[in-house]
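Before any comments, here is the structure.
Chain nomenclature is as follows: A, B, C and D, assigned in order of appearance, with residue numbering initiated at 1 for each chain independently.
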Amino acid sequence: MADLLLDLVVASRTLAEHGVIDAYGHASARSETNPQRYFMARNLAPELVTREDILEYDLDSNAIDANGRALYKERFIHGEIYKARPDVKAIVHNHSPTVVPFACTGHEMRPIFHMSAFIGLGVPTWDIRDAQEGTDMLVSSPYLGAHLAKQLAAHPAVLMRGHGSTVVAENLPRAVGRTIYLEMNARMQFQAVMLAGPGGYINYMDDAEVAANVSWQNYDRSWELWKKRALER
Amino acid sequence: MADLLLDLVVASRTLAEHGVIDAYGHASARSETNPQRYFMARNLAPELVTREDILEYDLDSNAIDANGRALYKERFIHGEIYKARPDVKAIVHNHSPTVVPFACTGHEMRPIFHMSAFIGLGVPTWDIRDAQEGTDMLVSSPYLGAHLAKQLAAHPAVLMRGHGSTVVAENLPRAVGRTIYLEMNARMQFQAVMLAGPGGYINYMDDAEVAANVSWQNYDRSWELWKKRALER
Amino acid sequence: MADLLLDLVVASRTLAEHGVIDAYGHASARSETNPQRYFMARNLAPELVTREDILEYDLDSNAIDANGRALYKERFIHGEIYKARPDVKAIVHNHSPTVVPFACTGHEMRPIFHMSAFIGLGVPTWDIRDAQEGTDMLVSSPYLGAHLAKQLAAHPAVLMRGHGSTVVAENLPRAVGRTIYLEMNARMQFQAVMLAGPGGYINYMDDAEVAANVSWQNYDRSWELWKKRALER
Amino acid sequence: MADLLLDLVVASRTLAEHGVIDAYGHASARSETNPQRYFMARNLAPELVTREDILEYDLDSNAIDANGRALYKERFIHGEIYKARPDVKAIVHNHSPTVVPFACTGHEMRPIFHMSAFIGLGVPTWDIRDAQEGTDMLVSSPYLGAHLAKQLAAHPAVLMRGHGSTVVAENLPRAVGRTIYLEMNARMQFQAVMLAGPGGYINYMDDAEVAANVSWQNYDRSWELWKKRALER
């Protein structure tokens, strides 16, 4: 468990360094000993997270040991997805900037770069307005979290209209790597769409290539680098 | 008052770090004890501002305690807006790069990202040429400041053609946060407009969502991060 | 040989600093004493490479002195090109972000900037799908490496669909410089294509200009700078 | 003279920090005591320039005190412009990335941002091919330097096709500031052209505004900041 908490520190700092979360995203990991629990920081900018800031939550997103510390308003993203998806062990909610234009235009994200192959498993878009009119855009209730989880379904990520995205995986390095390369894919796909012009052809990864890549891609070599960078600071 | 001056140092460095002001923007805050006064740095690049550089001004933008120190030529932006808008407690004049193409093309800014919800309150564009022909583009007189304030009206920000923008708020963290996320929104909206193509649909925040978000959004978690970064340097 | 290993350290760190490789590219250099051998790091993010991490390989990409250390899966890129191209003394495999949109749309890269003149010698695109269906996109076998080398032919670089590119040269500074300026050219060419519009004219370098430039361009002054930066860290 | 040499160090480092020169641009200043002489570094990346690296040149671009040190191949840019333009006291030759797409498409640069008002004085484009076919693109002879100077004429800058630009001014801070804001203008104008679409209207600074601004704009507050940054390193 100690390692998992340290990995959450690494994840938080790495996501901030890559500009895919500002002060407002969060990374979580399911407990390795109790699948009905997950770990995530208290209400704090990810860049500032230390081991001592990480709390344990139940799947209704109640903190077990808050001791009066404030919690993320959007913690229900995590709890509700962990409920709906027993395969998911790690979640990143981000404000990745270049996915927002895709989410707001309905332009489908496609896997244009092999490091982003997981996009080929499908990345739906969730519009909070379909769940509730007139929200402040935050996933601040169990209902909204469950509605998001339903749109995520079995996919590796869900874009959130006017907001960012939520990315899930079987382990934390994979969730962090997918988040970083979702942003990279968005930038590359934007340029490809512009170069190709209306109706132009873009050669994306095909389903067989996606399947061959996502089966093993845990961003191991990246994680080693990110860990070294994060802990040296 | 001591805290407000320190907050102005934090604001100045934070805006510089985020690239929304170069050597030429400025942040101000209305005095908490005398609403006819405001605080702002002497003529100095924001990145270099320390507590000792901050002067007190009356609403005609005369410095009370300049002691021969040079003043910003565009201080009238601040004084005239404080006169016209009693609700405004903090102002940022910036050279945010991506708003300029919007201001020069008449392309309306719309709220595409929940951190930028305030844009939904309306962001008009001011053209200095409508106030005076042949200026050097600087708001260097009470007349120009008042003309800008009139175009701002009750809005949270006003774009300035060929120049940047001026952003106002009920407190300094909100003014700083709005400035940073105005730039983010411009970048995202630019890409969305390109992806959507001429006449294409973009799903912006609606009025109810805007209203629900702007009522509480003070960028608290960001401010905590920015303060820590600014004061550690 | 000591200098060549140090130069590989400089090359690795420089490529990472310029954002043309993430954790996954690699630079190699042919042995100066035995043309049937080349040097390249063990499986490690380039940013972390030190002299001790560099191994010697034969042209079948077997490591001579691995001592159990893990190897890059895509080392066959290097071995197979060294086999096919006796003139090549250095190779960089990269994930240069802005070349991917070119490779995926079939938009031909052309030399728009004199530092990137070598592009005028022709930069073909390789699609791994033409060699093998359903791969994970990695050049992880001698067959795939040889297929890539065949598409590279006598050119200075080959774009890799959905992946990045591989750049070759007569010496390591030239291979590193070409990699960095291939990315710069992609960014400039993207903007020029957008400005020119469909069918618009772009004034690229002509063949005589390319020939006059590539004959001597070793990026000497850059290399001196990059070496100083890389070794000071 | 000591101050002018120090200012050249500040200029070199500042231009590198702003990404408008890579290892290959150079800044020069005319001697304050002998208008037939100018100062510029030996052949060295600008980022590395110290006071000891700065040499004195005559207007034929012979170094007076090289003592065997290598010279910039393109020093004739400087000498020939100083000959042709007695009003010019400082010159920056740069590889500013976003001006290249303008120079290669014939898209005229216009002043879109008040910090870049000088563009309104006219920024012609020079194509080295008009002077000589089949060059390596470098201004490596007095003939080419004089040809460039002729195209510059009385303007504040000249774009160089496939290369970058050369910017001139009455003093060094102005030449450095103009170089940095030429790049900023190119980025903003690119986005405005995209937003406006073919034939769309862009509200540029008009001639009276340009005239009112360029008369005094020496980037004083920027220079104070850049000097502090450059000398603290």
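Just so it is clear, a contact is a pair of C-beta atoms (placed from the backbone, for glycine too) under 8 Å apart; a residue touches a chain by one contact, two chains touch by 3 or more.
Fair warning: this is a prediction, and the values are worked out from it, not measured in the lab.
Undergrad: If you list every residue number at the chain A and chain B contact, are more than half found on both copies (same) or fewer than half (different)?
TA: Both copies, chain A as well as chain B, present different residues to each other, with under half of the numbers appearing on both sides.
Undergrad: Using CA atoms for the superposition, what rotation angle relates chain B to chain D, in steps of 5 degrees?
TA: About 90 degrees, rounded to the nearest 5.
Undergrad: Could you work out how far the Cα centre of chain A sits from that of chain C, in whole Å?
TA: 32
Undergrad: Roughly how far is chain A from chain D, going centre to centre by Cα mean, in whole Å?
TA: 45
Undergrad: In chain A, what residues contact two or more other chains?
TA: Chain A, residues with two or more chain partners: 194.
Undergrad: Dump the list of chain pairs that touch, please.
TA: All touching pairs, sorted by chain label, are A-B, A-C, B-D, C-D.
Undergrad: Going by the contact rule set out above, which residues of chain C touch chain A in the complex?
TA: My answer: residues 22-24, 43-45, 47-48, 95, 97-98, 100-107, 127, 129, 133-138, 161-163, 190, 193-194, 198.
Undergrad: Tell me, which parts of chain A touch chain C in their complex?
TA: Its residues touching chain C are 111-115, 117, 184, 187-189, 191-192, 194-197, 200-206, 208-209, 211-213, 215-217, 219, 221-222, 224-225, 228.
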